[in-house]
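In the two complexes below, chain A is the common chain; its partner is chain B in one and chain C in the other.
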Partner chain A sequence: MVEQIQVTQEERRNYIGTSLRRVEDKRLLTGNTNFVEDLRVADTVFVAILRSPYAHARLLKVDVSRVRKMEGVIEVATGDDALKYSQPLPPYAISKFPSEEYCLATKKVRYMGEPVAAVAAISPELAEDALELIDVEYEPLKPVVDPESAMSKDSPLVYDSFGTNVVGHNHGKWGDVEGAFKQADVVLKKRVGLQRYSSTPLESVSVIATYDDISGELTLKSNAQMPGHVMMTISKIFGIPSNSVHLIINDIGGGFGLKTRPWRQLSIATILAMKLPGMNVKYLEDRTEHLSSGGQTAGLMADIEVAAKKDGKILAFRFRDINNDGASLTYAGTYASMHATLISGCYKINNIEWDSYTVLTNECPSMPNRGVGKPGIVYIVERMIETVAQELKMDPAEIRFRNFIQPDEFPYVTPSGRIYDSGNYPAVLKKALEVSGYEEMKKERDRLKEQGRLVGIGITTYIHGASATAREIEGITINIDPRGTASVRSGSPDMGTSHSTAFVQIVSDIVGMKPDDIRVHPFDSYYSPWTPFSGTHANKFSGPDVEAAVMAAKLLRQKVVTNAAAMLKTGPEDIEVSESVAFSKTNPENKVTIQDIAKATYQNPYLVPGKIDPGLEVTWIGNNESAVKAFDATKEIETGATHQLVTGSGSPTGYMTYPNSAHVALIEVDRETGIISILKYFVVHDIGNVINPQIVQGQLHGGVAHGIGVALMEDFVYDEDGQLIASSFANYLKPTTMEIPNIVDDHVVTPSPRSSLGIKGIGEGETFGPLVTMCNAVEDALSEYGAKVSTLPLTPEKIRNLINRA
Partner chain B sequence: MYPAQFQYYTPKNIGEASELLRKHSGESKVLAGGMSLIPVLKLRLTRFEHIVDISGIKGLADISEEKGHIRIGALATHGEVEASGLIRKKAFLMSETASHIGDEQVRNMGTIGGGLCHADPSGDWGSALIAMRGTVQVSSSDGSREIRADDFFVDSFTPALGEDEILSSVTIPVYGERSSGTYAKLERRAGDFAVLGAAVQLKVDEQDVCKYVGIGLTSLGMTNIRSESAEKALIGKELTPESIADAAESSRDDMDPLDDAIRGSAEYKKEVGSEYVKRALLEAMNRLRGGTK
Partner chain C sequence: MISSQRKKRKEVSVQKIDLEFELNGVPVEADVEPRSLLAFFLRDHLGVKGIHVGCDTTNCGACTVLMDGKSVKSCTVLAARANGTKVTTVEGISSNGNLSALQESFARNHALQCGYCTPGFLMSSLYLLGKNPHPSEEEIRKGLAGNLCMCTGYLNIIKAVKEASSSNFGSEAGNRNNKNSGGS
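Moving on to the complex of A and B:
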């Protein structure tokens, strides 16, 4: 199929690569939105969920007799209904243990905030009042919140039948690790950790579920970000055909991964909908519910040992990581597996041993969050490099130059069998040093240090891993209707990610249409093509989504050209299409509008003299040839991790593109309070060609801001009883614009050979840099104390203690 | 996230409001700007059967000068206090304190009276009021009385108000020539609850000897508290970096903060608290020397 596409004429680029103003903005900024909350429909009942106050307890009794009598309460659901209507929630990555978790707790509660019962009432306020009339008896059990304690034999068990809390173990060994350690001039050890955090989308999970008991159709209007997974999973959980699931996704107020697997929220609404056929069952998760049970990252603790030569060359490293995935199998194991994906970062290190544990605890279940385990492995590798540089008293830029994979070594095969597509890591760092005025900055730092100020520079260079895997194919339909306007329907929903603008740019250029003639429709499973992977995740838009759009647009152009040639009585090779007009290259006055082509091909297809191709609609599902080839190559050699998909068997995780970044920051530490001020921040990255520079800049700024938040303040703090302290934005600290510095950005471009537009991904990657950059900068600022940082966030008290202890 | 059901009243004057509070004694609460009350109601951390909204009572938001004092109506918003030219000129500490409270939206809704009556130990107003030795006027249908700042904060979230009493205004002395004030607030992010804070009001004579010292502390005790030790250490002394450092050191004795898993341990707060007393005093001294505020 791929070979059949021939687009001989040079494609015009009027829009791709320009900062076309976002087509989404006017509607959003004027409040004409279709978030689930905005949808007001008749016959609606509102859901409130009773949640466990305990981190770990046996569920002795859930008595709903009182609440059923309350005026305004229409229906109630408990764990018994979950057993009757639904299957356990399916795990994504781990297949070794049977899932025992239902959307409503059955025998035990395993984290504070786990759903126990749900009420549907005539108003949301009444529904919340009604929860107080549900009588629950708990027998509190000792919880386990520390993942290392959870690994011990005498730990309380999150799932008794598993016999262990350690649900995943990966081991990989590549090269000659022992031999390399013997040759080392220095061997260093380092312990590093990342807290549990979240990107906290502005809009939490929401759904309106409606069940038609005559047709058997289940309609879900939701803000889920992976329609493919929803279609596969909800149909499985409820044992209904997927073509009876009508999933409609309108506006999404941010996702970041936390809306990829909203199984509990969607299932609870669905159970109530099935008990109330014809009613619209509306559930809007509130902020505290979202923070305590909507999903958090897996916590990470890693012990690293690294071997290096005096000249800074890293010979080998080994590390053992423990990943705290909370109280659920649903996403457990995926954070750990991502470590294999970027195991040696942008460095040529061939001797590596990796020993990785996935552990369950009585904390909130893990969910994907902007990069999943990639921030973790970047943090491990980059903190390790920094440690070696410090020990050898080597410039942190210099040690990186000495270990980089070189630009002529692509495609580069990593020890764990991932194949990097392209890049120029030395050029990216070199440009970052130039843009930041690194040499001058060092002098400035030294001058300020002499004045007694604690000023430091942090540098980091790393790989993102983007554009999803080539197997995660997407579907798209592009149609020019009989009046000449184009519609785009994709399985990949926009969640604030500017999909519509980017699709408009691609279709405008490739088909040759005015942007105003193109509309991108929201996802609707009855009208939009979808695959099991359909969705917005893993920087996937820049990969399969764009490839499908390019393919479909090229095929559509072919139809336009064929029909235009017939109408203009010339050959297809003589046709150019631009701004919704097709014309003869040799005689530009010989032209026809796309509107007239549409009219002719739909209304009078057989009156046109010559061969035409009726109808102007193309659906494409798949990926491009070079991406598929690269995937096949990876598939043969990849080790370390496979994902057990909800769809069946395991599958490799090699990414389609591997962008890279260099971050440079200048910070100051207040000696007395430990407060960190960021004085300057620079990002230079290589994400290949760019579709829309302004949108990329927005993604970059947002990513860095979130990364700074994680580095300095965000933390889901639990006490020893498993009670979440940070359960609202009063205690889960997000940075404001006042804490985020101006960010200076610049670019190096090495187009990805696996992308037909030469692009790479941008959504996740810039969040990783600040985690490392801030640590490195703090250690530089506190060099007079020899202070070493090991865990995030870098709270003022933690910094102050480092100074006091020195 | 909805409050439990409550009855809602909009009295026209303090007398009516006070009657309602008396009638529903123990089950009622005054609502002014709602910036603290509404969140705790929504989180169902507390509940009241009766909510008496006084925000519609006329004449309770005026800011005026009278006989060496500035009177601020209880319903004046933080933003109005911050923007008042009179306060900026004659009681700069109040203006600066207002600018540190919450964000723009909170400052546009929240009121000085509401903030004080909430009596949160991490509240900013209490420290400024203590530092300036201000008073509050409270009224009920039985009449009015005045309470000194020192006597107003009984315990965390517990002001010295009778069940039917409503705070109607705040009075601040004008310290005049050779005086200055400042509020130093340590916050994890702009507009956040104070990790800790120190409000300072100074007045010196022509020889730079301290004639008045007022120091109020935020998040360093069970309520906003006065640092008597630091005040004593400085009063009658010449204002110098050394005398300030000594006073700040002694302020530690007055602090008894709580551990906070998010914003810092008691130990950290005490250590940095005295540093903030020092910074506030130094800033106040610099402002005196600069001849401003």
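Moving on to the complex of A and C:
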């Protein structure tokens, strides 16, 4: 148990809870940015990577003798260099098998797009040209792309030494599953699947690597979103002390998880940098590279069996899921393990059996993507509820009300041992029905259906799981310098997520400063605090990052108050601080600016009469007491967690907060074309208190838009030879302004008792809803055909097939 | 070590062609490889940061610039095509650090998150508003359908363009090739 420092004074709230304009925007709006591609430095060489055209092949020869002679080519790297300079890429979740994967292929290639060799040349164009002069001999092998086939004994093996493609298995059984099934009025079976997809940050992965062979320092200017993992992993892969890895993260053009573990890209650039000391080695991953090898979600297929009473009460369910993590151990197993995290959703279902398999195939390695396996389990549970409602001819809202965990049951312990912090699920759905005019909408649907139109309503209610786990502690330094301006440095980089603005709001209110006096600096491992977890992922900002900021700001305020009291010759209890001025509560005219406090405490600290605390800087690394207590309780009872971090052993994954949402949509299907139009879309969520309502709404819009993309169009299609068909935005389709409907949002507020600001997470959660909502709405729209949906995306072709088959 | 590497950096002789054009109101003379694409030429040789390449296949629009007043996706335009034209990038639409009315509207409406796509959206919006100073929501949606944003879900971008258009935007957009076209 961490001993907590008690800070008692109450601060004013001028900024937290308001839509303060973003401090990030002016630079971004004027093109004055520092994305890696924007950085131009002298002595730069440009990297191009030769990638495998095969999904599975033995690598017989990589001959670089011709390319080495090419004018403009400075250096080349192959799998031999990877063996010489680096260690295998570390797995995150699975420790049972040794990693054999290097950043450049050795012996075998295992997916289309796997890096085979890399060239550094004096221009990006010449680097690209040079790839043609690398002579590679492959012996093609039969690939395996279907995860179920990959499980069979006679399947080709992705890693021969493993002896199997099934690298992970989870089994959990809670309550009396058999007994509950015996008592059921209805037992239903359903197969559901999710394709492989990606949030595709518009900026791919990029890095400038520089190695100083005299000092032994490696500098990486990169857009990685988890500096903590990069510091732990790159230092380990290359045997460089972590205090000699200088990681600088400026602007990040979106991350969504795809930039959490860019081991291949960073390692290849690092190898070339080590071969070219002093040179700046610049690699900008292109779109096709990113889509084919930068990471995708794990594909999901699940067979569900559910037992229910006639009144809609769900008694039990069992499911078997198969997760396709592609050709790498690096993130395999994590999607599956997340299913335990939200296993019963927002429902009181105590009898559950879960049988889960993680399978490797000759496809792109998996990577975290906005919620990891959480959208998968939400999809499983919500599609199951919908199936029961349809069978019982019950209103989809009504069946949910009958199964909800009730507001007086928090903290609620789920069968798999997660402890939900707070919530009011009936209130959220009730509000969603009100806001959407559900009763009227049903009449409108029926009226339009009578006119022969295919109109349907979809509803879903679910839990997110947010604010990371309490163990994923973050670090922050807040400093008021000798001239009275404040700087914030943290291990949590902003990737479009408005961290800077939110930090400014928190520091403004708690310390008592003007927002304009505060600047948030980009991550720099030489100056920013970091932990193994440092980064932007798992809605972590709303958890450990905010807690560290709040605690550091309170401690800094204490210093300001102590010094102000000494200067104003009054007691600390008499001091208020607001808008960069400290004053006596009893005599507000007795005041001193923070600028003057800084001047006094730094320049003449011992001339001030009374007790003074020189230096206005605080670094805090840790989490708050109630979050840590909740985590301790969870870790004793939870199952299904396999996270290894980068070097350690398995660790619990109980989230710090559990926000929830209700989505309601009205859609129309064009009978002739199969095209879906979203007529109305509503979101009501409970994310507790809010730091900045406008930013939260932006996250909500973006989340729903991504979910709609996954539901309707996005799909990494592979053919049977393991060739990725969707390898550009021309065939991996993203939603545009034409597909995203206007969204009406509203809120229910149940503050999280584990957050010192009462907040919960936002960012990942709203992406899950459309996956289910669209399926439910399509089945409602196509009810006259009795059409059932089992997989996404709901392309016009798929819809037409459903209609034709009926 | 650095100097020994520098020795390896022999100049590579390639045929180049001369290019003269106006970039954000400033005359530019340069020589360029015939195969150079405008986006990379502007970014890598002229240091223009307000151009991003999100796709290479003309799908994302992050590289959108105005060429003689028309929006083009500069990743699929040869740099040589810029000869004799006036090219405007996002750097050319604000002056002395003052945001234009459109940029102000983007900030006010939270129409950007990571900001990577933002220059492209601003340039496409300027082109749209130049043609149609008071577009309907549907017209804005159609006008911006060639730009991808992965963060915002577009709604605040549409709102920002709508709001900018109703604040007497036409005169500013009509003036868009002028370096000082910032409206605020």
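Keep this in mind: the second predicted complex is superposed on the first by the 797 of 806 C-alpha atoms of A that agree within 3 Å, B and C clash if a C-alpha of one lies under 4 Å from a C-alpha of the other, contacts with A are read in each partner's own complex, and residues count from 1 in each chain.
As a working rule, contacts are C-beta pairs under 8 Å (C-beta built on N, C-alpha and C of every residue); 3 or more make two chains touch, one makes a residue touch a chain.
A quick note: this is a predicted structure, and the numbers were derived from the prediction, not measured.
*Asks:* Going by the contact rule set out at the top, does A:783 touch chain B (first), chain C (second), both, or neither?
*Replies:* A:783: touches no partner chain.
*Asks:* Quick one: is A:791 in contact with chain B, with chain C, with both, or with neither? Answer first, second, both or neither.
*Replies:* Touch status of A:791: no partner.
*Asks:* Would you sort A:95 into first (chain B), second (chain C), both or neither based on which partner it touches?
*Replies:* neither
*Asks:* In the superposed arrangement, does chain B or chain C reach more residues of chain A?
*Replies:* More residues of chain A are touched by C.
*Asks:* Regarding the shared-chain residue A:738, is it in contact with chain B (first), chain C (second), both, or neither?
*Replies:* Once the two structures are laid over each other on A, A:738 reaches both partners.
*Asks:* In the superposed arrangement, does A:278 touch chain B (first), chain C (second), both or neither?
*Replies:* second
*Asks:* Of the two partner chains, chain B (first) and chain C (second), which one does A:124 touch, if any: first, second, both, or neither?
*Replies:* A:124: touches chain B and chain C.
*Asks:* Given the touch rule stated above, what does A:730 touch, chain B (first), chain C (second), both, or neither?
*Replies:* It touches chain B and chain C both.
*Asks:* For A:201, select first, second, both or neither according to whether it touches chain B, chain C, the two together, or no partner.
*Replies:* Once the two structures are laid over each other on A, A:201 reaches chain C alone.
*Asks:* Looking at the overlay, does A:479 come into contact with chain B only (first), chain C only (second), both, or neither?
*Replies:* A:479: touches no partner chain.
*Asks:* Pick out the shared contact residues on chain A: the ones touching chain B in one complex and chain C in the other.
*Replies:* Residues 124-125, 286-288, 728, 730, 734, 736-738 of chain A touch both chain B and chain C.
*Asks:* Which of the residues in chain B end up touching chain A in this complex?
*Replies:* Contact set of chain B toward chain A: 1-2, 4-5, 39, 43, 103, 186, 188-193, 195, 261-262, 264-265, 268, 271-272, 275.
*Asks:* In the complex formed with chain C, which residues of chain A make contact?
*Replies:* 19, 21-22, 24-33, 35, 37-38, 40, 43, 71-72, 74, 122-126, 199-204, 213-214, 251-254, 256, 276-279, 284, 286-288, 495-498, 694-695, 697-698, 701-706, 728-730, 734, 736-738, 740, 742-743
*Asks:* Contact residues on chain C for chain A in the complex?
*Replies:* 1-2, 5-6, 8-10, 12, 33, 35-36, 40, 43-44, 47-57, 59-60, 62, 89-91, 94, 97, 99, 103, 106-108, 110, 112-119, 122, 140-142, 144-158
*Asks:* For the complex, give me every residue of chain A touching chain B.
*Replies:* 124-125, 128-129, 286-288, 672-675, 713, 715, 717, 719, 725-726, 728, 730-731, 733-739, 795-797, 800-801
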